[in-house]
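First chain A sits with chain B, and in the next complex the same chain sits with chain C.
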Partner chain A sequence: MEVNITKQDKVTTAQLIGRLDTPASQEVAKTMEPLQENAGGTIILDCSQLEYISSSGLRIFLTLRKAAMAKGGNVIVRGMNEEIRTVFMMTGFLNLFQIED
Partner chain B sequence: MKINDIADKQLVKTGAVTGLLMVIIAAVTLEATALIQYLYSQKQLKQEASLRAESQLEATKNRILDITNQAESAVRNNTWIAQWCLNVPDSLYRVTQRIVEDNPSVVGSAIALVPDYYKDIHLLAPYTARRLGTYEPVTMSLAGEEYNYPEQEWFKKGLENEQGYWSEPYVDEGGGGILMTTFSLPIKDASGRTAAVLTADLSLDWLSDLVGNVKVYPNAYSMMISRSGQFLVCPVETLVMHQTIQEVTNSMEDTSMMNSLSRSMLNGETGNQTIRYKGATSYVYFSPVERTGWSMSIVIPENEIYGSIRRAGALVGFLQLLGLVMLVLIIRAVILNALKFREVDDKKKRMEGELHIANAIQMAMIPKASAGGTENEDADLSASITPAKEVGGDFYDYYFRDQKLFFCIGDVSGKGVPAALVMAVSRSLFRTISAHESSPKRLITAMNDFMSDTNENNMFVTLFCGILDLTNGRLRYCNAGHNPPIILTNSIQPLPVRPNLPLGVMHGMCYEEQEVILHYDDALFLYTDGLTEAENPEHELFGEERMKAVLHTRRDVQAQLEAMQQAVADFVGTAPKSDDLTMMFIHYMNKKPNSTTERSLTLNNDIQQIARLAEFTGSIAEDTHMDNALAMGINLALEEAITNVIMYAYPQGEGGQVQIDAVIREGSLDFIISDTGIPFDPTAAPEADTSLGVEDRPIGGLGIFLVRKIMDKVSYRRENGKNILSMTKFL
Partner chain C sequence: MADSHHLDLHCRIILEEYQENLPLFQQKAEQLHALLKKTLADAGLIVASLEYRVKAEESLIGKLELKGAKYKSLSDITDIIGMRVITFYADDVDKVASALDRLFTVDWENSVDKRKLLETDSFGYLSLHYICSVEDFPYRFEIQIRTVLQHAWANINHDTGYKSGVEIPKRYIRSLSRLAGLLELADEEFSKIRVELTDYRRRVQQLVASGNLDEVPLDGDSFRNYLELKPFNALNKRIAAVNQAEIQEVTLMPYLPAFLELECKTLGDVSRLIKTYSEGAFQIACYQLGLTDLDIVSSSIGPQNVCFAAILKRGGGQAGITHFLDQVNGASDGNAIMARILVEQAANLPFMNQ
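Here is the complex of A and B:
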């Protein structure tokens, strides 16, 4: 699992590559924690290379979304594959995030 | 070894001597340069100090002379009046008044007559003084019983000196205790007879300021002594008018230098002298003040002059020392480096010896099946490596996991140490990657990528790798440039393999995976080219035909292996072994392969173990040919269920296991997840409300929700101290 964080002006992009399963999410949660500081702006979670997500990964997404709500920012989930989109649909997460292809 | 040791010592010696010489030369050059520079600077500074001291002495003297000349002039300019007034003694008072009134620097003036100059007057000395605090001068006569003026120095010496005489400075008790000096000039009457002494008193209260303020260096100081050696100005104020320079000199331990100094000063000489006092050296510049017979001196401690260059010198010295130390270290490093090259030859031999041992250790790590069968009743196995003389790069490995046999055989290009190292890497890669990967294609691709990335010496490995599902005889295999194994069914045929490239050639190579179903009593023979290319003394190769001939007679795996070894040995005869020879027999012995497939996976109670799920569900997906979305859903449901167990059934993180059993049937998949942790029923958790907004949405609670969503049936029971979660997915 790999996370690449880039920042341009007020837009922070986190590119998630690989499988965000329970073991990986501990590490990823740590890596993505600094993103909460930028939650006042726009955060793009680039999921185009994310292969898999479990509930522990969803937690990370939701934590970030809550921080953004508190700071008046926005979280965009971009480029999810069909399988991950299904998980988002099942859990009602589609309604919580701004989804982009 | 011994000769080398002596040579090394010689080298160390030569190196050390050369190094030492270099350091000494560098040190001498550096120090000489620094010394010359230092001495030159010192000379310059000394010259500057002399110049400063002498010019200050000159300037101060001139200012003193300005003042004393004023007093002298006041006296000289009135001599003719005094002469004229001798005829009218009473008018003499008026002369003294005039001198004091007209000359602000003069605080007192007297005309002291020679005793009995007038027949009827024994002593007469009209005197006017400007007393402290009074503006109007007071006129009186100095002739009194208590002050016998003819005995005073100023009177006696004044009579004797035609050019006038400056008295020893004195403290004027009546005048408020100020320091004074008196200029006296003899007065002659019309007949040429010396009649009186005309004087002017000069206050010296300006002297200590004038002299004391002369500062050529911050810690330098100035002194003034009178012609008798009395201190007139001195930084030690208690000495002023209390001690003479001679007295101070005599109180010192070493009087020689001070003696000579005080002599020179008292003689009115101009010059300089070095004195050492209490371990400190000072330069004293001195010069006389004309007329008064005083001598002024400026004392400059040596540190004042050289302090700056000494500090700089100390810094330079320190830096040079540092530089030399570094030079020594560099030379040392160079010598040691040179020695290392010497040691390489030795080391190489030693390393080969060590690698021999390492190779033996590697061989020991390779599983030995030849000792008699395997613990698995569905497959029998035998294998051997016969190394040629040097350390070599052949290897094989096999092990059982989750009712599967993982095996491989490989040959590293080249021989010797590099091959042995690459072999060790290859074998451990196989073990590491296959621990969580049950697709030969992905296994070989991963091994290739790793080895290509680290393959700086272009070492290649041919490898055949297979995974045999013992439950149903399905053999999935992938070949990376290795000889095709022989499959023994009713016939003896090479296994159809795509050759592919050996490992380590190119990163990102796509390897093709193939599949064959083994039936009861089928066997597989794997070998390295050490078998077919074994040479006899006539340089003929053993070849595939001879190999097949041996295989033609079916024996059990151990006997088969021994027969092949014997055949090769007979063929090679006395010819030297040219290559390692590695062989492996696998005999599939499952009489009734399952129509339903069972899979199981045991995980330790550790979140990290969940990474193994992907492979497990991957193989189920392949068994059932389900699509990606479903496979991922199954994986997700299993992961969530197992995470729950690890988190809640083993809340203290204690050791324990989670067992996952899968039964694959036509149309359905059954999973049973069991553990021995504390009772925990995940199905009792409340349903997550997925309609809530961001703020109200709890962070957790999605796990069991996902399990329910994905699986078609979920149930929990506690049985025999175990949590058992059953899940079914209809296909």
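Here is the complex of A and C:
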């Protein structure tokens, strides 16, 4: 599992590559923790190369959402594949984020 | 910069006292401003703005030039520190005034309610001026309270460059008066709207609390009140139990447009819709979550799946679900795919075939 974080002005993009399963999530959480500092702006979670997400992965997304709500920012989840989008639908997570194709 | 050289000795002494105490005035003004800000916030009074200033030296010199003899000492000048509270509503002017009355000692002899000074057949500068003092400070200070509209009128009137109404050419006085009357009327209307809205909200709350849901039209206010009854709790808990999942509480307000489209006209309709389609909603969740180890759901799972079940059962099909997803979650190409998957999954569920 790989996470590439880039920042341009007020937009921070985290590109997630691979499988965000429970074993991987601890390290991903740590890698993504600094994103919370940018939660006042826009955070884009680029999932176009994300193959799988577990509950622990959803919790990482949720933590970012909470930080963004507290700071008046915005989290965009972009490019989810069909499987991940289904996970978002069946957990009631679809309307918690701004979803982009 | 105003020149103080031509001031007489008496006025120069007053000016010197001002200059010596300027840092004190500034410090006190900040303190009073902070105190007033906190008091208004504690009283739940939301105001458009709360400003303060310490009188500038030029302005004081100007005042001394004009009527210096009137003042025995600096403490006779009551507006060295000035604060201004601008309210949204006319009835908040009195609420702010009563808060000030509790907070400071008001010098009633010198305080003016310009609202009451106006003749019954004229309109104009409406504002409340309080001259106040506090125990630990030897100088009085002035607080003006007015509404946004009164403030706009006063500012524009001031901008004409005429200091008093007498100087203004008559035709403009008439125009300005007409405007003042119009704004006064607008202030009254705004207050009336607020009172009526508050009444409406209270009535809705009472009806919701007493369970008379059929009497409450479905709108933003009533839906928010209804959500406080946690109408999806039972369903959400039932769904979460499938995987012993934790429930993440989120706002359910985005579902209001969907319930309106599902022809819910009252809260009673929403309540019946939930009752009718909870079983279908649960079956969808069971089918989807049962084969996974997902142990987290958001509280929107209940309303989402109730809407899914209602749309599908009423024959809305894939197009109906896509429209619903677009409406609640924002338009996206992926919504049509989700809708297709859902329609396929639901086809074999018991609730669709009953």
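FYI, the second predicted complex is superposed on the first by the 101 of 101 C-alpha atoms of A that agree within 3 Å, B and C clash if a C-alpha of one lies under 4 Å from a C-alpha of the other, contacts with A are read in each partner's own complex, and residues count from 1 in each chain.
In this text, a residue touches a chain if its C-beta (ideal position, glycine included) is under 8 Å from a C-beta of that chain, and two chains touch if they have at least 3 such contacts.
Here the structure is a predicted model, which is why all the values come from computation and not from measurement.
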{"item": "Clash-or-fit label for the pair chain B, chain C on chain A", "value": "clash"}
{"item": "Partner chain(s) touched by A:Gly92 [first = chain B, second = chain C, both, neither]", "value": "both"}
{"item": "First (chain B), second (chain C), both or neither touched by A:Ser55", "value": "both"}
{"item": "Partner chain in contact with A:Asp21 - chain B first, chain C second, else both or neither", "value": "first"}
{"item": "Which superposed partner A:Asp101 touches (first chain B, second chain C, both, neither)", "value": "second"}
{"item": "Contacts of A:Met80 with chain B and chain C, given as first, second, both or neither", "value": "second"}
{"item": "Listed stretches 128-136, 236-244 or 272-280 of chain C, narrowed to the one that overlaps chain B", "value": "236-244"}
{"item": "Residues on chain A lying within both footprints (that of chain B and that of chain C)", "value": "54-55, 58-59, 62, 82, 86-87, 90-92, 95-96"}
{"item": "Chain B to chain A touching residues, read off their complex", "value": "607-611, 613-614, 628-629, 632-633, 635-636, 639-640, 643, 688, 690-695, 697, 699-700, 702-703, 705-706, 709-710"}
{"item": "In the complex with chain B, residue positions of chain A that touch it", "value": "19, 21-24, 26, 52, 54-56, 58-59, 62-63, 65-66, 69, 82-83, 86-87, 90-92, 95-96"}
{"item": "Chain A-touching residues of chain C, taken from the complex the two chains share", "value": "245, 248, 250, 254, 285, 288-289, 292-302, 304-305, 325, 328-330, 332-334, 337-338, 341-342"}
{"item": "Touching residues (chain side chain A, partner chain C) in the complex", "value": "54-55, 58-59, 62, 80, 82, 85-87, 89-96, 98-101"}
